[in-house]
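Listed next: structures, encoded as structure tokens.
Look at the two complexes coming up: chain A is in both, with chain B in one and chain C in the other.
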Partner chain A sequence: MVQPILQVKNLEVEFVTDDGIVRAVNDISFDLYPGETLGIVGESGSGKSVANLTILGLIPQPPGHVKGGEVLFAEQDLLKLSQRQFRTIRGKRIAMIFQDPMTALNPFLTIQDQLIEVSMLHLGHTRAAAIQHAVELLELVGIPAAASRITEYPHQFSGGMRQRVMIAMALSCEPDILIADEPTTALDVTIQAQILDLLKAMQDKRGMAIIFITHDLGVVASICDRVLVMYGGRKVEQTDTKTLFAAARHPYTLGLLHSAPRWDQPQLTRLQSIEGQPPDMMNLPAGCAFAPRCQWKTDECLAAVPELVSIGSEFSEGSHVFACIHADQIQQAGSTSREELPHA
Partner chain B sequence: MPNSENTILSVNNLKVHFPSKRKFGQPKRWIRAVDGIDFDVQEGETLGLVGESGCGKSTTARAILNLIHRAKVEGTIHLNGTRIDNLSDRAMIPHRLTAQMVFQDPFASLNPRMMVGNIIREPMGNYKLFGDETGRRLEVIRLLELVGINPQYMNRYPHEFSGGQRQRIGIARALAVQPKLIVCDEAVSALDVSIQAQVINLLMDLQQKLGVSYVFIAHDLAVVRHIAHRVGVMYLGKIVELADSKELYDSPQHPYTTALLSAAPVPDPTVDVRANRITLTGEVPSPDIEYVGCSFAARCPQVLGHCASTMPQLSTTDHQVSCLLYEDDNIDKSDPPKSNSAEVVV
Partner chain C sequence: MQVLVFLLKRLGWMLITVWVVFTLSFFLMRAIPGGPLNGERVLSESVRAQLEQRYNLDDPLYVQYTTHLWNTMCFDFGPSYKLQDFTVNEVLAQGFPVSAALGILGMTFALLLGMTAGVVSAVRRTSIYDFSFMLLATLGIAIPSFVLASMAIVLFVFYFQIFPAAGWGELKQIVLPAMCLGAPFAGYIARLTRTGMLEVLSNDYIRTAYAKGLSTRTVILRHALRGSILPVVSYLGPACAGILTGSLVLEKIFAIPGMGSHFIEAALQRDFTLGMGALLTYTVLLYVMNTLVDLSYSFIDPRVVLE
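Right after this comes the complex of A and B.
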């Protein structure tokens, strides 16, 4: 059996602010396997970034506070590491890329200085070898004239190019895990497609595991092997990508699937939106956080947070986990509405 | 362009060139943000405009409403039959009743120190609509209900609402003057998918009820297909293809449209989009270059020898396309390109 490369167990993170306590991540657990891409989807504010920043010890404390849980990697709990110990892992064995490349790039250093610093530090390259390595990486991520442009500053690159530079930097140490937090959300589809292809190619070559945070179901469908759905700081559903799209069992997931228009099919007259608003993370309800927006809710849903239930997945060997007491009804509703969809 | 009675907006050969910051010792250059576009919008119709960032969508939006300053603007814009591109800001005022705009970032466009009721009432007061204050108050309530915001919240401030709610408030404000046309510039782009669907449904319902027209600008190809009746694809300040929505998405003609669509993911894991992907090399070039031929030639997978030196014209058929491949003169379509780079005149 393949062992997970990363195990997140019962992670709880909160922010103590003047207005109250934000319960950003509530009891999140998942395993990540070598060579796979795990998608994380959810509304903005549902805790996707906080959960992943916590894995890398990047939560500002205070106001952040890791209340509980474990993050097991290479036989140690990352939550117990000092910032110094973290430096041997972050950027070397686990790397992260963000939506805004300028959060990772230093505007006052040339691309070369930023790229070689990492590999000299972590891979023990000489300066000359590090430059060589950096140019190769830039070429790999599709920067034209990499050898001459490497001495430029970040602001001399376009947004799409900066994104690729950041990816080159993240890949420069050949990490075991890449955490990608909406890395293509701000990019045009043509550049997004290039970057997704690149990540896939790097993954095939190096067996790197990827956590891909996105709100774009198209991106999920095209690159993720498995998907974890978050709502109100909790995991509400997790399964392989095929099962998720074909047999969702949580009403938020189903609503999300129905909300997304497609460019490759004739338009329906109306999108089936999820009515209402996402929950206030400072005042999460006692019961299911999705209940106020849910057409299937019953009194039971309001009383207590539904437990995660696990069954075998329909389309793969893996399992299907969901937190909804009306899951069967929802899966039924999903399959009926699919039959009603007009096809081209 | 024929100006039929139902034409709300008619744009003819619109050009917007911004002066670029001059680098020392270099001649003055012009950023050709919009470089000769034509389209019209009928009553109750939604025209979508798509294209990669920098292709000139927002500039087009601002030009439609005569909001461009410090630029060279050419061509004509007729709003509801009246030419407006040559009007002063003052002379534009009555025409602001005809056309309104909704922006991507509702927060930036709503005054944070004003209660939302007043935000919506302000334009009504400016134009002395709906009789007196009582009439305007009733209209604010009606509009808030129309866009799905509880009118009891009209004394709250913008920051007390979520992104989706603020976008509804922005739409209510645009509707306050009962416009015939609303230009939506990335109006749903920043919203979560579930909330985005609510706002799209709202815009479509309003069109049904009020007969309002939209110019709907977005980079999300799926959203545009869903909402628009006709769609124009822009590349470097030009419309390269314009057709009925279904027609454009089901049988795109311009090589750029084909490439753009092939890169757009589909929320369905059983569809292998990657298999049909046409990868474009390079990025959209800088818009401060004037081309003698097709500006897409340098990146075009189907480029011909003539493309870099012959300017294609947008055809006048129902499915309009601007590409030599579809011009049926004596062009040798097997003619290979001499070099894969466009000739330019500076």
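Right after this comes the complex of A and C.
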């Protein structure tokens, strides 16, 4: 049995603001195994970024505040580390890339300055060795004429090239885990595909585990081994990618599936958006957060937050976890809708 | 190359500006009632005629203008009307370095104090440091420099007896006036730095820097400082003008033999040549300062293109 490389247990994060308490992450748990890609999916505002920034100790405090939970990595709870200890993990063993490569690089410093500081800090490189290392990394991520372009500034690079630089920077110390927070969202579709290919290639070469945050199920299908679906700061479903697409058991996941174009379905399928608004994270309902938007909702749904239920997966040896008391009905609806195209 | 073209262009514009300033002030000085020879003493006709001849005041206006312009272009501002036996060049050569020293010291003080306070306030936002520095900054801006100077004199000269009250020449004598001169600018710079730093710290690239494992110190000094001093840099142009006018007052209070007293007296006594000399020196100085500001802007921010 392979041991998970990272275990997040019952993580709770909130923001204390003037308007009230934003409960951004509620009781999130997941394991990450070496070499796999775990997708985290959910609408904007569902707490994906906050959960992952917390793993690296990067949420602004205040207003942020970790209320509870553990993040186990290398036999220690990261949430208990001092800032000094944390710095030996960040960028070295767990690296992160962000959504917007236009703003994630410092516009005042050359690419070289931004790349070499990582390996000089963590690998004890001399300046010359760090530059050598940086050029190799840039070549690895596919930047042409890397040796001469390295002294340029971020604004002289295109969006896709900048994201490649970010990836090179993140891979600098061969981390065990790469957290990619919507790394393709801000890019053109063709560039998106290139970046995904690059990440896959890097994972094959380096064997790191990836947490891939996205709201795009198409991206999930092409890169993730397993998927965790978040709604209102909670985990509502988690399983392997194949099971998720074939037998989703949470109405929110089903809604996401229906709202994304699928290459494996006839062009006739009409895309449906999920009606209603995402929940107000300051006033989460007592029951299921998705209930107000759910066509299967009953009084029972409004009474209490549904427990996470775990069953074996139908399509792989893994498990399937979901938080819906009408899960069976929904799976049924999911499979019929694929054949009969209701509501079309 | 780009820098050279930029500097040449600026030089051209500066010459035009200086000429416009020269022309405007030449005619304005003569348009207001009273001339250099209307003093308290009533001059006899013959003396007046003699003096007028000496200073070319008897020539037609356009001749006066062209001669004066030509001389000015040769960096010769002529004899001072009031400080007899001195040329304007001599007066400037003596007063300007004094004022410049005072201004540079005041500005250095303002930059050191203001930027440190601003950075600390931003990084430790809402702490006691932030609160005290911003209170001090507001006071520094709000209190007029002559009031500040009087308070400083009472405190440090009479009460603690650390510094001499006035005069020029020793380092001890420069400290008080330079600090009084710099105080409002320090306050303003502190605020600008704080705002700039807070804005920069909210940028994504700061989060990237932390995600690399860099220490707070490195993030602030290497990643945040450059962006956050841009507002301060663009403020330096106007600040330089402010320092000049500010020093007019302080030089009087602290009895410092700088340009300030000459400038005020030249204006009051219709000393056309000295007034013109001081004015043109200030114009050139401000122009040079603003050019330097633009230049350093482009050095700090690689996205800025010089034009």
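In this section, the second predicted complex is superposed on the first by the 328 of 344 C-alpha atoms of A that agree within 3 Å, B and C clash if a C-alpha of one lies under 4 Å from a C-alpha of the other, contacts with A are read in each partner's own complex, and residues count from 1 in each chain.
Here is the rule we go by: a contact is a pair of C-beta atoms (placed from the backbone, for glycine too) under 8 Å apart; a residue touches a chain by one contact, two chains touch by 3 or more.
Not measured: the values here are computed from a predicted model.
**Q** After the match on chain A, would you call chain B and chain C a fit or a clash?
**A** Fit: chain B and chain C sit side by side once superposed on chain A.
**Q** Of the two partner chains, chain B (first) and chain C (second), which one does A:Asp216 touch, if any: first, second, both, or neither?
**A** After superposing on A, A:Asp216 lies in contact with chain B but is clear of chain C.
**Q** I want to verify one number. Taking the Cα centroids, what angle sits at chain A between chain B and chain C, in steps of 10 degrees?
**A** 70
**Q** Contacts for A:Glu117 in the overlay, against chain B (first) and chain C (second): which applies, first, second, both or neither?
**A** So A:Glu117 only meets chain C here.
**Q** Could you say whether A:Ser158 touches chain B, chain C, both of them, or neither, answering first, second, both or neither?
**A** In the superposition, A:Ser158 contacts chain B only.
**Q** Of the two partner chains, chain B (first) and chain C (second), which one does A:Asp188 touch, if any: first, second, both, or neither?
**A** Once the two structures are laid over each other on A, A:Asp188 reaches chain B alone.
**Q** Which partner, once the models are overlaid, touches more of chain A's residues, chain C or chain B?
**A** The partner making contact with more of chain A's residues is B.
**Q** Using the touch definition from the top, say if A:Glu275 reaches chain B (first), chain C (second), both or neither.
**A** first
**Q** With both complexes superposed on chain A, which partner does A:Ser259 reach: first (chain B), second (chain C), both or neither?
**A** Once the two structures are laid over each other on A, A:Ser259 reaches chain B alone.
**Q** Between chain B (first) and chain C (second), which does A:Thr241 come into contact with in this model arrangement: first, second, both, or neither?
**A** Once the two structures are laid over each other on A, A:Thr241 reaches chain B alone.
**Q** Just to confirm the value: shortest Cα separation between chain B and chain C in the superposed three-chain model, in whole Å.
**A** 7
**Q** Could you please specify the touching residues of chain A with respect to chain C in the complex?
**A** Residues of chain A touching chain C: 53, 56, 58, 83, 86-92, 95-96, 98, 100, 103-109, 117-118, 121-122, 153, 155, 166, 169.
**Q** Which residues of chain C touch chain A in the complex?
**A** Residues in contact with chain A: 203-205, 207-216, 218, 222-223, 226-227, 300-303.
**Q** Over in the complex, which chain A residues touch chain B? Could you list them?
**A** 43-44, 144, 158-161, 188-194, 197, 215-222, 241-242, 245, 255-264, 266-268, 270-275, 277-278, 344
**Q** How about chain B: which of its residues touch chain A in the complex?
**A** Those residues of chain B that touch chain A are 52-53, 162-165, 192-198, 200-201, 204, 219, 221-226, 245-246, 249-250, 259-261, 263-271, 273-274, 277, 279-280, 282-283.
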